[in-house]
Each structure stands twice: as structure tokens, then as C-alpha cells.
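Worksheet: one structure, shown below.
Chain nomenclature is as follows: A, B, C, D and E, assigned in order of appearance, with residue numbering initiated at 1 for each chain independently.
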Amino acid sequence: MFLKEYFGTIYKSIKSLLVGMKVTGYYFTHLDEIKTEEYPDNRATLKMFDRFRGEVVMPHDDNNEHRCTGCQACEIACPNGTIKIITKQEILEDGKKKKRIDAFVYHLDLCTMCNLCVVACPSDAIVMAQNFEHSVYDKKQLKKILNQPDSKLMQGVE
Amino acid sequence: MKILLTYSFSSLATYIHHLLAELITNSLLLQVTEMVILGVSLIAFLVVLCFFLGYMERKVAAFMEIRLGPNRVGPKGSMQIVADTLKLLLKEGLTPDSADKFLFNLAPVIMVIGSMMVIAPIAFAKDFQLYDINIGVLYVSAVSSLGVIGILMAGWSSNNKYSLLGAMRSGAQIVSYELSVGLSLISIVVLSGSLSLGDIVRSQENGWWIIKGHIPVIISFVIFIIASTAEINRAPFDMAEAEQELTGGFHTEYAGMKFAMFLLSEYINLFVVSAVAATLFLGGWMPFHIGGLDGFNHIMDFIPSSVWFFSKTFLIIFIIMQFRWTFPRLRVDQLLTLEWKYLLPISMVNVILVTVMAIMGWHF
Amino acid sequence: MNTEELKSSISAILPSVIYDETGEFLNVNIASEELYPLINELRSNSEFDFDYLFCLTCIDWKDHLMMVYHLLSKTHQHTIVLKAKISNRENAEIETVCNIWRTAELLEREVFDLFGVKFINHPDLRRLFLSDDWNGYPLRKDYVDENMISL
Amino acid sequence: MRGLIEDDYVTEEGEFVINIGPQHPSTHGVLHLKVWLDGETVKKVQPHLGFIHRSIEKMSESLSYRNFIFATSRMDYLAAHINNEACALTVEKGLQLEVPDRAKYIRTILAELTRLQSHLLWWGCTGLDLGAVTPFFYAFREREFIMEIMEETCGARLTQNFMVPGGVMYDIHPNFQKRTKEVLTQIKSKFQEYDNIMTGNVIFENRTKGVGLLSKEDAISYGVTGPTARASGVSCDIRKLIPYSAYDQVQFDEILGTGGDCYARYMIRMHEMKQSVFIIEQLIDNIPEGEFQAKTKNVIKLPKGEFYQRVETPRGELGVFIVSDGAASPYRIKYRSPGFSNLSALPLMAKGGKIGDLVAIMSTIDLVIPDIDR
Amino acid sequence: MEINKSMEGPLTFPGQVHETADGGILVTKLDDVINWARSNSLWPLVFGTSCCAIEMMSTAGAKHDWSRFGFEVARATPRQADLIIVAGTIVMKMAPVLKRLYDQMPEPKYVIAMGACTISGGPFFYNTYSVVKGVDHVIPVDVYIPGCPPRPEALLHSMITLQEKIKNEQYFKKKIEDVR
């Protein structure tokens, strides 16, 4: 009885080990199961999903115009102070003073890509870009000003 | 060219010997020069072998883990291990302040020397053996356990608790598994009637022991593979390193070149163990022969003996590597249970079986 | 037991409790000194059998601290919230419950760490999250840290 | 290093104190365990926490009810969805807001996908902890598919921040249902492989069976929840006891184990993966049409009072306790994290075992340290 | 490599030794070989504190597979590691530990700050009392990769960026100058 149990254990153990080795052996002999994406080589074909959140950008059209009115809704919506909007007073043609953005400062180093600013924006001025290659040697490069130099507010956006 | 065509290393050795004898007349000097050449070429061979084994291990692991493995450094990533070695050599080789500095620096050297010494009696090809010592098997089993001294030394001198635990585990492990290794070696010694590795290979002229000796030899082969995997501290028996438990085990404090030496000795050990298994059970360099079928045997002889030896060795290396990348690690007490409750009793009974078989001539 | 039964049973043990049923669970307000006899009864009496303390925390109400114990009975599936008011903010003390529910040991250390409530008879009352030389109790409302940048 | 130096380094004759962590491969992060050893046998374990204490509770006190949710993804990052869901549910409870059915269904499916990926990662890491490297890669292969679904619909892989008070942030992506079904078929076909390489393995069985015993009474007393408690026979699945979201619409079993050892905990999680697949299968084709988000005010203000919501994360019961004083940000938030209570039972479980057992226990109670430290 | 071109910002690195007339071809070649070895054999320390560690694991996983670059030999002991990927928040209590780990590593050693928390405290920059606001207050950082957490490809990108940096190091040249 003891011997039966003893050899039974050995038989079961060896069988279980061989079953395990069969799995690794299968993958060793079936190299087409490898689905590795070779990142830097596939950069041309690598496309992120549309909703993927890489960084906040402010789209500008051909006339160097953006849609940001400087309402600071995003700044309030941001949970961790990533966005800082510096505004200036601009005198319009009809003599009225109007608030316009001077600099849309975006701290990529603080950003958690939570999308709350994009949701909060009433005029769709900012969107999430799919770019993710942000590595830098210097932290200072991560502080970005999103509005381009000399850009203006698009007509009809209030 | 002629030398290469005959695939005989002995003629190469003779050629070099004659060449040197013409240059150097003093016989003692000649002997020393030849030894130095031999030593240097052996070390060079082992280093290249370790490069290859390291590359092989990473590729085997990668393919089993459905990934590609190194493929960007050199063609197909083959220079990866060269880069690793160069980097390790150039890394700051620090010694911890509170370590026993002499022993700390000595330990990796002992490990490497211990594992390199075992190479001596192994026949790599027909008539190619450094030293066919007449107690080859005894020598192999004696010298291969030198490594544990290095591990104990490394673990103790590092002044690190993880290292110490790893070294103690390794001590217990190697002392116990030495028994099973020895017993399974003995079963072949009994069958072939010689302790010399050269004689053992020649005794398999009409068939390898694993075929001739059928079940008992297969059992001792399996026991040898398991026990020697444990003896060279490879997973699933890598108790001395046990990364998840002891971070690095005995080599936790080692960096740079000294760590590279541990890696070197690990791979040499792997090669040695597989080479011994191939020699004893699979006929070493002996081609696949079946007793009585002279025509078949003759065809098999066309494949060079070194190819036979290395293909067998690498088959066993592959199996040991597959163990590592498949199985979970044993616990330290289960490790000893396995040895004392299973391997040792079975191999003891098995030795008796083999002896009876040898006396009665039941093998082929 | 339903809420009414719980109320009457608890009042039988401790008449001075104040109930509050505005929330999801039955809230039982007591003073910190009365905690231990009541809570011992709640655990050991098979009628209540509150064997599972699923939340233990503290609230800083500026003028007093309040320990909150969420208790659940696995057998009867009833829940109460026990609130013990600690009036003395500077030297806040309350009896430990970690010999009743073992989970309280770490939870009480957390409260000690972040609120500075000392638990009498706690076996190992040390700071849990913060280093031992930390000054102050950060989750108190009057905690000031000059390194902290406010939004 | 003052946090590390303790006065109780005093040891008895033959005792051996080692520090496992804060940086150690088996602690899954920055847990520090001080272990008293007698040879290889563990005599006493003392967890030291706080190496990732990020003061999320304090931070949330100054954030609005819309914003505090994002930080909870960083708490138990393997169950970011479920953490976010718990917060959103608590706020909804305070507002007495009825969430549209569509949002409920999406939440449940995403939560179960989260559970699936969390368990897959746990399975791989258990293998890794026990010394088998390969299962880790098999688990991550399947996990990547789930990550792709998350990315396509939620926009991020790990910390999605997809739950908002009142529903979900966006409607599901058009490919969502198709992809989810593909993943389910893929995972179902791999369960046998997982069993072959790990569950049936004799070394694995020996490493886990009878190791790290936790009795039912201890489990309740230590407040242990989740698969760890269910392995000891404690019925504690919040999805069954107090159904939230769409869990009252689906059928599934609460897996209860016996024994309370590492193997039981392992098996519970393996079965739970199958249950998650089953739950998603019931929901995926029946997502009702309609709004995905209820209308909420721009600035959410909770009425004065206290709100408590319990949800089931892959690790156990997460409780969100919000004390509101009527302002736009919570007065006090307490997260009752499952890992914290589960960890408190570790010294009990590990006592008397070997170091290897300690590693096995840690991996089978599935610790996520930021969840413990918050 | 193409990656380098797409990198914005100046390509001067802190600690760069400026070109001198002497040094010679041999030294330059040796430097090239050493930099080749070092940049292709970055063994990371197993060090993850929070969410980013999971993405680090994903990078090691089969789909992204950092072993293609030879990074897969993750060492548990700092003595054998070349690179710390600081994956996750560093809090006040952890900072001395991280410093010690960094000190235990033998030269040359590199640091990648992965994720918003390590770069600047990230989501825990405001209103928290226990988070170190940027790991560069504790140890020197070579490459920053923002994101919360950065996706595996982004981590690979940062490691390639680090490789580019190592390839411009001048080990022997510096040694020779030190001797002079």
C-alpha cells in the first residue's frame, strides 16, 4: 500500500511536470505565436487609438487661429494645476476691451491625462493628441506653451 | 586542410607538438609551453562557449515566453552577450566596506577554477581529451563539488544576511544531491567496468548505455539530470540565488567583473554537467551504433565525432534550460525531501539492479 | 435585528446614546469614555454579534474629534455606525478595540498616525505611514506644513 | 532613515532578523517586512508601511467632487475602474442620482474586464514569485488584449478615469462589443493552458497546499475580504450581498473555498476569472440604448451627511466613506482599502512557515501596496 | 537613429566633455566600443513603487519585449544593475531608501524618471504632505518620460533616448584628461 502510494506520487509528479514542459515546448516550436511589436521599427505603422490620451494640444488652423477664449474652465477643471492661463486685455477694432489669452501654459510633467480639461472646455479649443514620445534630458522642456506665437482667436468663437 | 578533413584533433595536436618541438629543444620548456597553449585555448574555448550558452539561454527563454529575445545588437542579437560581458568588465568592481575582502575577492575565482577543472577528463571528440585520467568519474564528482566552497565563501564574506542564507541553503543542497549524482554515476561505472571516461565512451561502441542498459539506466539518467541540475544551482533548484526570496542569494553583493565570473562558472557548470551526462549515458562522442549492424554503424561514423558530442550535450543543456523556464522553484525543505525521500532511495535500489544486471549480463 | 430592535437593545446597555437615522446606517453617538463596555457587549452578545469591523476612522470636526466604527454582523447581516466623540483634542485618548477585532490594530495605528488619537492598551502604538520623527498629525484640519503647496 | 530604525531589533539567541523590502522583488512594491527567522523558519513578521503613502485622503479634501475621483485610480491601479466606480457611486448616493441603465451596464462590463486583467496579472506574478517566469508572459499576452479594449474605449491603459458622477465619460467605442467578445473567446481557450503550466504542477501544489492557513474566524476578525477571505469560507462578495451597478441583472456564483491555504486562494481567483467571463458574456450583447451619463450640475455639492459605498475590487471590499459638510469638496474621505486589512493577517499566516512560504502567501493575498498606503 | 532626430531640444548633455584636439583615434574608438557595450546592456533594477511599475512589467511582457534591446536582465540587487527606472511616486519616507539604492549601484549608473510622479510629484504636487516633488531632488536623473503612466512604447522610447546619451559619453578621454 505504501509502495503503491509512493510510486503513484512519483508517476503523478512526473506527468504533471511533463504536461508543463509540453506547454513551453509547444511555444518553443511554434514561433508564429510570437506577436511582439518591434517598437522603434514599427513607428511608421504604429497608430494609437483615437481616444488615446498622450498630451493636451491646442489645434491651430491655417491662419494661425485657435479657439481658446481664455475662459479658464480647463484651469478650474484640472485636478492638479497642470494648466495655467495667462490673459491679457486686448483692444478690439470697435474700441471694446476684451480678455484674450497671452499664454496657455501646460505642464506636461504634471499632467495625468485625465481628460477633465477637454471635457470642461466649452469651445473645444483643446484636444488630446496621440503622441507619446516625450522623453527629454531636461525637465524644463516639459513646460509647454500651447498657443503658437502671434496666434489669434478664431472668428465667431465666444 | 588535411587535418581538418580527417576531423581528428589528435593529428592536430601531434602537428602542433612537432611544430613546437622543432622550435623548442628543452623538453621541460616544451611541456610548459604546450600546457600554457592548452590552458589559454581551453579558457578561450570556454569563454566563447559561455557566450554561446548565454545567448542560447536568452533565446530559448524568449521563444518559450512567446517573445523575440535579443535581436538588435549584432546579427539576430548574437552580440548581445558580448556587450553584456564588456559592460560587466568595465563596471566599477566594488567590494563592500564590511566584507571580508580577501575571501570576497577569492570566491568567484574559486568558483571559476573549480568548474573549469572538471573539463580535463571529458572527451570532446574521438582522441581529443585533455587528460584521460584513469579515475575520471571519481575526479569529476570530486572536483565538481568544489564550487560549493566558492558559494559558501561568497555568502559568508559578503556580510549580507541574504547572502548568508543563500550560501547555507546551497551547502545543504549540494551535500545531499552529491549522493544521488554519485550513485547514478556508479551505475554506469558498474556497467562499463571502468572509471576512466575514455574507457566508458569506448565501452559504448556497440550502443549507448541508455539503450543497452534499458530501464535501470534510464532511471539513473533521469536521476542524474535532476540531481545535477540541483548541484549546479539552476532553477527549479536555484535556492542559493532564489531571486524572489533572497534578491540575489550568495552573489547579492557582487558587482561587475566578479559577478561576471559567477555567471561564467554557472554556464561552465551547465556545460560540464551536460557533457558528463552525454559521455556516460549517451556515449559521448560515440556515434549512434547498434551492435551487429556494421553497415549502419559505418554510415553513422561519417558524422564527425565532435558533432555527435556537442549535439548530445546541447540536447541536455536545452532540457535543463527548459526546466528553468517552466517550473516554479521548490521550497528549501521540499528540496531536501525530494533528495532524501525520493532520489536517494530510488537510486540506491537502482544501483543494486544495475549491479545484478551487470553480473547476469542482462544488458545488450 | 431591524433598526428599532437594535435601538432598544443598545439603549438597554447604555441609556445615554443618541441615535441618528438620517444616513444609510443607524448611527449611534456616544462619548469616548463609554466606548469600551458598549463595544464589548456588541461583540460578545450573540444577539448583536458584530463580528466584522469593516471601517474604522476618525473625523476632525475642528472642535472635537470623532471616532467612527462601522460594524457588521456576518450572522445577522445588520450594520450600525458607532460614533465616539473625543472632546479633548490636544490629548485625545480612547480605549483600543484591537483585542476585539484584530483588524483594528493597524487601523488604529493609522488613526494615531494621521489624527493623533492615542489608543489606551494598544500593544504597538507607533506611527504607521509617516516616519517616526514627523511633526504633527496631517489629517487634522489645523495641520500646517510649509512644504505643502496648495492649489 | 529614521523610519526604518526600530528599537525592537533586540533578538533572542539564534534569531536572525532580515528586512524584506522596501525594494525587494517579492513585495510587489515598497512594502517593508521585518522578518524574525530561526534558520529558515519565520518566527515573526512585522509589516512596515508608508513607503508609498501619498496622502490621497488629505488631497481629496481640497478637490471638487468631480476631480477627486482621478486620484483613486492611483490607489489600486490594477482596479482603477472599480475604484473610480466606487467614488462615483458614493457621490451619486449623496446626490440621490439615478444612473442610466446604459452607464450601469458599461460600468459593470468594464469593472469585470478590470477584474479579469487584475487576476491575470496576479496569476503571472504568482508564477514569478514562485520562481516560474514563463506564466508571467502568458498572462501578459492576454492582458494586453484587455488593455487594448480599455485604451480604445477609455483612452488610457491603466488609469482610465472613465467614471464620472452620473455615468461614464464617453459612450463606448463602436468596436467595443466585437473586441470584448474576441477577448473572451481568446481567454477561455487559454484557461486549460494556465492549468497545465501552473495549477497541476506538482512543485506548485507542494509550494501552496497547506501553506499560509487562515481560519474563518481569523479572517473575519482581521477584516480580510475578497478572494483571500472566500478561500477561508467567508461569504463576502459585495456584488452578491449588496448588488450595485448592473450586478443584480446577472447571474454568477460566489466562489467559496475551504482550507484557507494558498492553494485555495489561488483556485478561488482562477474560478473568479471564469465567473467574470460569464458575467461579461451575459451583459455584452444586452447593453441598453440610451444616455450614458445622467445630467449633473456643473459644480456638484453633496448635501450634509455621511455616505458609505462598498464595492468589490479584485482584492476585496473597497469602502468609500465621504463626510460632507455641504461644500463643493468633501470634508473628509476615508478609503477602506481591501489590501490594508488583508495585509494585517499576513503575520498570522506567515508564522511558522519558511521564507519561501512568506513569498507564496504574499503573492496569493495579492497585495497592491499603494492601495494599502493610499 | 530616427528617434534622435525627432527629439526636440538641444542635444548637449550635462557633464559632456568638450572635444579637444588630442585624444587620438584609439581613444575615440575605445570609447565607441565601451559606449556600444554600455548602451546595449542596460540592466534595470527591479524597482517600482506604483502604477508605472505595471507599465514597466508590460514593457517586459511579450508584446513590447524590452529584451530585444538586452534590457530584460532585471536585477533585484542594486549591485548588478546599471539603471534605475524610478517607476512611481517617491514619498518622503522612501527617498532615503532610493538614495541608498542609488549609492549602492556601481558606476556607471543611469536613472530614468518614469511618469509624472517622479518628474515633479505629478498628480500629488499640490495639497499633499508626503510626496517628494520630483525625484531629481534625491538622485540625478538622466531621462524624463512624462505620462501617467507612460505607455510601454514611451518607456522604450526613453530607454532609446538614454542609449543615445550613453553613446555620446567619453570615458577614456575623460580619464586621460583627469590624469593630465
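Here, contacts are C-beta pairs under 8 Å (C-beta built on N, C-alpha and C of every residue); 3 or more make two chains touch, one makes a residue touch a chain.
Since this is a predicted model, take the numbers as computed values, not measurements.
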(request) Supply the minimal count of touching-chain steps required to go from chain C to chain E. (result) 1
(message) Suppose every chain is reduced to the average of its Cα atoms; which one is closest to the average of all protein Cα atoms?
(response) D
(request) Average the CA atoms of each chain to get its centre, and name the chain whose centre is farthest from that of chain D. (result) B
(request) Give the label of the chain whose average Cα location is farthest from that of chain E. (result) C
(request) Please state whether A-E or B-D has more C-beta contact pairs across its interface. (result) A-E
(message) From the mean C-alpha coordinate of chain A to that of chain B, what's the distance rounded to whole Å?
(response) 51
(request) Express in whole angstrom the distance between the two chain centres, defined as the mean CA positions of chain B and chain C. (result) 64
(request) Using mean C-alpha positions as chain centres, tell me how far chain B is from chain E in Å, no decimals. (result) 37
(message) Between chain A and chain D, what distance separates the C-alpha centroids? Give it in angstrom.
(response) 25
(request) Would you please write down the residue numbers of chain D that are in contact with two or more other chains? (result) 3, 24-25, 50, 53, 55, 58, 62-63, 70-71, 134, 136-137, 141, 159, 197-198, 201, 203
(message) Give the residues of chain C touching no fewer than two other chains, as numbers and ranges.
(response) 129-131, 138, 150-151
(message) Where in chain E do residues touch two or more of the other chains?
(response) 61-63, 65, 68, 76, 93, 123-130, 148, 151
(request) Would you pull the chain A residues touching chain B in the complex into a rising list? (result) 10, 17, 20-21, 23-25, 27-28, 31, 33-36, 38
(message) Touching residues of chain D toward chain E in the complex: what are they?
(response) 1, 3-4, 22-25, 29-30, 50-56, 58-59, 61-63, 70-71, 73-74, 77-78, 121, 136-137, 140-141, 143-144, 147, 157-159, 369-370
(request) Within their complex, state which residues of chain C touch chain E. (result) 129-131, 138, 143, 145, 147-151
(message) Considering only the defined contacts, which chain B positions touch chain D in the complex?
(response) 61, 64-67, 161-162, 165, 169, 235-236, 238, 242-247, 325-334
(request) Please name which positions on chain D make contact with chain A in the complex. (result) 63, 66-68, 70-71, 134, 141, 148, 151-156, 159, 161, 164, 169-170, 173, 193, 196-198, 200-203, 205
